[in-house]
Amino acid sequence: MTMTPTVKAILDNYESDNPGVKANLARILMQGKLGGTGKLIILPVDQGFEHGPARSFSVNAPAYDPHYHFQMAIDAGLSAFAAPLGMIEAGAATFAGQIPTILKVNSSNSWSTGANQALTGGVDDALRLGCSAIGFTIYPGSDDCFELMEEIKELSAEAKSVGIATVIWSYPRGGDLPKSGELALDVGAYAAHMAALLGAHIIKVKLPSDHIEQKDAKKAYEGFDGSTQAKRVAHVRQACFNGRRIVVFSGGAAKGADAVYQDARDIRDGGGNGSIIGRNTFQRERGEALAMLEKLVRIYKNEE
Amino acid sequence: MTMTPTVKAILDNYESDNPGVKANLARILMQGKLGGTGKLIILPVDQGFEHGPARSFSVNAPAYDPHYHFQMAIDAGLSAFAAPLGMIEAGAATFAGQIPTILKVNSSNSWSTGANQALTGGVDDALRLGCSAIGFTIYPGSDDCFELMEEIKELSAEAKSVGIATVIWSYPRGGDLPKSGELALDVGAYAAHMAALLGAHIIKVKLPSDHIEQKDAKKAYEGFDGSTQAKRVAHVRQACFNGRRIVVFSGGAAKGADAVYQDARDIRDGGGNGSIIGRNTFQRERGEALAMLEKLVRIYKNEE
Amino acid sequence: MTMTPTVKAILDNYESDNPGVKANLARILMQGKLGGTGKLIILPVDQGFEHGPARSFSVNAPAYDPHYHFQMAIDAGLSAFAAPLGMIEAGAATFAGQIPTILKVNSSNSWSTGANQALTGGVDDALRLGCSAIGFTIYPGSDDCFELMEEIKELSAEAKSVGIATVIWSYPRGGDLPKSGELALDVGAYAAHMAALLGAHIIKVKLPSDHIEQKDAKKAYEGFDGSTQAKRVAHVRQACFNGRRIVVFSGGAAKGADAVYQDARDIRDGGGNGSIIGRNTFQRERGEALAMLEKLVRIYKNEE
Amino acid sequence: MTMTPTVKAILDNYESDNPGVKANLARILMQGKLGGTGKLIILPVDQGFEHGPARSFSVNAPAYDPHYHFQMAIDAGLSAFAAPLGMIEAGAATFAGQIPTILKVNSSNSWSTGANQALTGGVDDALRLGCSAIGFTIYPGSDDCFELMEEIKELSAEAKSVGIATVIWSYPRGGDLPKSGELALDVGAYAAHMAALLGAHIIKVKLPSDHIEQKDAKKAYEGFDGSTQAKRVAHVRQACFNGRRIVVFSGGAAKGADAVYQDARDIRDGGGNGSIIGRNTFQRERGEALAMLEKLVRIYKNEE
Amino acid sequence: MTMTPTVKAILDNYESDNPGVKANLARILMQGKLGGTGKLIILPVDQGFEHGPARSFSVNAPAYDPHYHFQMAIDAGLSAFAAPLGMIEAGAATFAGQIPTILKVNSSNSWSTGANQALTGGVDDALRLGCSAIGFTIYPGSDDCFELMEEIKELSAEAKSVGIATVIWSYPRGGDLPKSGELALDVGAYAAHMAALLGAHIIKVKLPSDHIEQKDAKKAYEGFDGSTQAKRVAHVRQACFNGRRIVVFSGGAAKGADAVYQDARDIRDGGGNGSIIGRNTFQRERGEALAMLEKLVRIYKNEE
C-alpha cells in the first residue's frame, strides 16, 4: 500500500523521532482496513491482568487463547494488537509480520490497592518479539504518579533510541481526585496533555463526560460548549498538542453495540484518531465482534 | 553578532566550566533582541503540566500548538524557550538552530499533593534535542527537597561534563513554611542562594515582597531598606554570589501589562538579568503578546 | 538571524538526524557573512600537524598563535573553524559561542609512510569543548582505509546520538592508486560518494581534474562533458546524493588569489556548497587574507 | 617549605592511606602561616546554605562574593577553605593552587525539619575542582544518622581510592538527644570517636561543655576533671584515637574576639589541632578579621 | 607563596582546563626555588628503564635508591620529579606533599627494537600516588607513532577529567627519519607542535641543532636565522602555540657543567620555560649536582 498524504502529515508531526520510530508508527497507520486514513482501531487484551481471566473471557471462552485475539485483530483488519508480555509471547511467532503489536510493559491487577502498576516487560522484550510499540499506563492524580512518570521517562527514551514507539494510557486516579472526577472533561484533557508532555507518540484516554471537576479550572471552561461528546473529543485533541499527537479513546466497560458506534462517530467527528476497544470486542462472540468491528471501520471511513 | 564585553564579563564568572557550557550560555546571551546586553527574556511553557491545558491555553487557543511558542520566542527576539520533553520534541527539528532551548527535566502537576516533582527528561534527551540547558525545579522548605537537590546534583554534574548548562527554578514551598512566607524577601534570597550553591548557571526565582518571614532572619534585615522592588531585586542578586550568577525573575500569574512593565523596570534597576515570562506571554493574543515583549525588550535596553 | 528557506531545505535533507545534529548544522549554515545562503566557507588549521609548523606558519608568523585563527574566522565572517584537539583547546573558552568549531579527530603527519591517520580526539572532547561537529579523514584507495572507515563508523554513530555533526575529509590515496590519479574526476566523485555512504553530513573533497583514472570507469564517462571545473563540481555534487549532502572543496596548496577566486566561482556555478580554505588564508598577511575572504564571500553571494 | 618532623609524624598516623591522600593532607598541613606546625585553621563558608545569605553576610556585605572568602583564606595564611559546590566553582580557577579547598558534599538548610542533609557534591566534583578533601556532616543521635553514615562510607571509600582526604563534621543532634545535651562532653567525645571510626582523616566537632548528658556514661566520667576547656579538648583528642587523627573545633556563633582567642588557647593547650572558624571570620570587617586570624595564628604558634 | 602575575598569565593560557588541572600546573609552577618565575626544572629518572640501572646509576651509586632522587629534587628546590610507576611508589608516601610528581606512564627499554613504548602506568595510579601529572613519550617519525598518539589521546582525556595534567615527551624517531635528522631544528619544532596539538600541557623536546632535515621544509626556513641556540629555542617556543604551552628542554647525555649552563642560558634567552635534566643531575656526586642545580636556578632567575 502506498503511503497516503494523510499518514505522511501525521508522521511529519513526529519531527524529533528517528526513522525507526516513524516506520513503526507508519506500520500501525498503514495496517488493516483503516490503513492510510489516519484513523486506527487497536485491540488491547490486558483485561486478564486487570480483572482476572474469568471476568474477562468466560463469556466467550475461545478468548482464553491468545491466538484468538491475534487472529481477531488480523481478520477484522485492525491497526494493532496490544497485550502484556506472556500473551504477546504466546502468538508473536505464529503471527509474525501480520499485525503490529504493542507490548504493554506495566500492568495492575484487581488486588492491588494503590494507584500504581508493576513493570512486566521492557524494550528488549519489545525488540525480540517484533513489537512496534511499548504501552504504559500512568495514573495522574497523586504523587504516586511521579514514580510511574519516571519509569516511562526511562523506558520511552530507551524505546526511542531503538526505533520503538510509545503509547501512554493516561488514567486519572488516586490522590485527592474523587472517583466522580476521573471522567471529567478537564481531568481527561489534562491527563492527555501530560501524556503528550511525557513524549508519548500515541495517547490513550477515556471518553470524557461534560463534568468539570477542578475548582481552579472552572473559569477556563466558562463559555466552553462541551455539550456533545464530539466537542469534548475535539477539546482532548487540542490538549494533545492541537492534534500533533495521535489520540485514541477507550470505550470503557462492555456495552451495547449502538453505544459503541455512537462513541466512534463522536470520536471521528471530534477529530480523534480512533478507538482502543477490548472488552467490547472479545466479550462478544467472534462473528458478532467481527461485524461490530467492520461497522466501526466503516464509521471511521465516513461510510456510515 | 560579535561577542560584547558585557557578555564576555558574565561568561568569565563561570570560571570552572568547560567551553561547551560557556558556548551554550553564550548562545542564550547573544540570542535575539537582547543579545549582547547581558539581559535575557526566557519563554517557559510548562504551565500545561503544572495547571493543565485549559487553564493554560483556553484563553488563547493557538497556544495549544507547541509550534506557536517556538515561533513566538523567535519572532519576539527572546533569549531562550523552556519546556518539558514532549513540547520540545514537537518542535525541535522545525526550529533547530533558531532559538536556544532549555529542557525542563522535572515537572509537577496540580494533582500532586507534596512539594516534589517527577523527573520527566534527562541530559541524553537534551543532547539529542539540541538543547542548550536543562531546567530543574527545587522546592526549598522541607526535607522533601533533599531528594530534589540530590537529583539536580546528579543531573547537573552530567550536564556540565557534556557542555550543557543548568537552570534552577528555586521555589520555596512545603515543610514549616507558610504559604504567606513563600514570597518573603528573606525566603526568596535564601532560595536563590541555595540554587547558586547547588551549582546553577542561571537562577530563577519569584519577585519577592518586602515581608520578612523567618524570625531568625529579622535581625539580619534590620536597617535594610527593602521598600522598593528594585532594592529587593538587588538583594536577591547579592544572594546570587554578588552577581556572579545570572538571576532571572518570574512574573507569576497573568496580570496587567503595566504591572509587567514595572516589574521589568525594577528587575533592570535592581541589577537582575531579566525575566522568565510564560503566562503573561501566551495568555495574551499573539499581537498583543509581541507588543508587550517588544516593550519589555526596550525596557531592558534602557530605552523606556 | 531568521532561518532562510534555502537553509531549511538543506536541513530537511538530513531527515534521519535528530534535532541536535540539525541544530549544529544550522549553526554552521546560519553563521557569518554567508549565513542563510546555503554556502559556507570553513577555515581548517590542521596544516601544522600535516606539514609541520614552519611550513604552515613561517610565512605569516602571527599564525603560530591559535587565537589568530579563531579571530580570523570570526572577523572574516566565516562559517566554521576546524582544527585538532590542542588548537581547539587553546581558544575554545575565549571564543565560546562566537564561531562554530569542528574538532578534527584524526590526524596524519609528514613522517607517516602509510595512508592512515591517528585518532587524536573524540566525541567527548567535542562535547566538552562545545564543538558543532567532528572532522575525520579517510583515504579511500587501499585496504588500509577499512580501518579508517570502521573508526568513523563508530565515532559518527556516537556523535549522531549526542547531536554532533560529522564532516568527512575524503582523500583518495594509497593502494594501487597512482599519485597521478588522486585528483582524477572519477576518483574524486567516487571518494565523495563513499563519504556520503559512510553517513557524513558534510563532505570535503579536492577540486577534481578532467582526468579519468580508472580503466573500468572510462565507459561510464563516455560522452560526459567535464571540460570545465564547474561541470566537474556539478558531477561531484551528483555523487553526493544529487545534492542531498553538503559538499565543500579544498583549494589545495597556497596559490594566487585569482586562482582561488576562480575556484570559488566554479564551485558556486557547479552547485557546490563552498570552500574549505586553510593555507590560502593563513599563509597570507592578515589584511590580505581578510580581503580575499571578503571577495570569496561576495562570489558565493553572487555579487562578483 | 620543607616538611617538618611535626607534620611528618602526623602523616605517619594515616598509615593505611595511599600517597595521594597523604599528599593532600600534607598540602593542608604545610599551607599558610601555620604550615609545618601541625596546627591548622580552616575557613568554612557553608553558612549561606545553613542559615541563608542575609543572616550570614549582611553584616559584612563584601562576603556575598565567593572570591572574598578565597582571598581571605589566602591573605590570612589559613590552612584550607571549605564550601559547598557552587561557591567552590565560583573561585576554583581564579585561585587554583593558592589554597587547599575542601568540597562540602552535603548540606542542610534552616527549613529542613529532620536531622539530615542533602548530598550536593561528589568526589568527581572534588577532582575536577582540584579539591584536597571532601567534607561531610553526620548527625549522630538518631537512626537518621545511619543513612548519613552509609553515604559517607561510600563517598569516603571513593575519595580514598583517588587520593582525596575526608573531613567529617560530627554534630550530635536528633533522636532522643535533647538540645541541652548536644554540647555535653560525653556526647562530643562520642561524636568525635564515631567520626574517627568512620574513617575520617580530619574530625570537626564543637567545643564541649562540662555537662555529662548520658546517664549510662556518668559512671565513666566519675573522677574525670573536666573543669577547664583545655582538659575537655584533651579528652576529645583522646577520643580521636589518642591523637592519631586530626581534630579541629568550631567556634560556634559569632562572638567577642577575646572569647575566640581563649577558645584557641584552650584548643592548643588541650592538644587539639586547630580551629574551623567561619562566622567569626566573615561576619567581621575584613581588616578586623585579618587581625583576629593573625592573632589566632600567633596563639597556635605559642607566640601569645 | 602568593600566586605571581607571571604564573597567573601562564595558567590563563590553559583556558579549556578545569580548576583541577590548573591547580596541578600551579603546584609545579609555584614549587621550589623557581616558584613564581614561570620557569621550571624537572628531574626525570626514567633512565633505568631506558638504559638499565648500571648505565644509569653506577657512576653515583646512591642513585640506585629512589629516595635519593626525591630528596635531590626537594633539596635542590626543583619544580617536579618524574619517574615510572615503581620508582614513584617507592617514595610517594615518604615525600608526600613535598614535591609535585609526574608519573611516567609509558616506557621503552634498550632491548626493544621498534620506536614504541609499553604502557606501564595509568591515571588511577597517578591519583592514588598523588601525582600532579602524567608523562608520556611519543616518537613522531613513523606510522608506529599512531598507536602512541591514540594511547595518549585516551590517557590525556581521562587525566583532564580528574584534574591531572599531561606532559608529553616528543622525540622524533623511526620511520624514514634518519638518526642524523632527529635533532634537526625543523624536526624538533614539528615534534613540539604535534605534542601541543595532542593537547599536552607541558611539552618536552630536545634542544635542536641548526640542521634542517626535511627537504619540503627547507623553503620555510629560508631567511630564518637559526645560528644561535637561543634563536632555535625561540622557534620551538613558536611551534608551541606561540608560547601558549609550556615547553621544557632536555639536556641529552651527561656532559660538562658549562655546557649545561650554556644550554640553560639559551633556553632562558629563547623564551623556553626550563629544563628537564636527568642524567646530568644524578650521574654527578650529590654535592656537585646540588651546586649545578643551584647555578641553573640562578640562571633561570636571571641572576647569572
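Letters A, B, C, D and E name the chains as they come in the text, with residue numbers starting at 1 for each one.
As a working rule, contacts are C-beta pairs under 8 Å (C-beta built on N, C-alpha and C of every residue); 3 or more make two chains touch, one makes a residue touch a chain.
This structure is a prediction, so every number in the text was calculated from the model and none was measured.
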Answer with same or different: of all residue numbers used at the interface between subunit B and subunit D, are over half used by both copies?
different
Counting in whole Å, what is the centre-to-centre distance of subunit A and subunit D, each centre being its mean C-alpha position?
58
Averaged-CA centre spacing for the pair subunit C and subunit A, given as whole angstrom:
48
Hey, how far is the Cα centre of subunit C from the one of subunit E, in Å?
36
I need the residues of subunit E touching at least two other chains; which ones are they?
15-16, 18-19, 161
Given which chains touch which, is the overall layout a line, a ring, a star, complete, or other?
other
Per the touch rule above, enumerate the chain pairs that touch, sorted by label.
A-B, A-C, B-C, B-D, B-E, C-E, D-E
Subunit B-touching residues of subunit C, taken from the complex the two chains share
2-3, 11, 18-27, 29-30, 74, 92-93, 95-98, 124, 127-131, 161-163
Subunit A - residues contacting subunit B, complex:
13, 15-17, 140-143, 145-147, 149-150, 153, 157, 172, 175-177, 186, 189-190, 192-194, 196-200, 214, 216-217, 219-221, 224, 235, 238-239, 241-242, 244-245
Interfacial residue positions of subunit E with respect to subunit B in the complex
15-16, 18-19, 161
So in the complex, the part of subunit D that touches subunit B is made up of which residues?
48-49, 51-55, 57-59, 61-62, 64-66, 84-94, 107, 109-114, 116-122, 124-125, 128-129
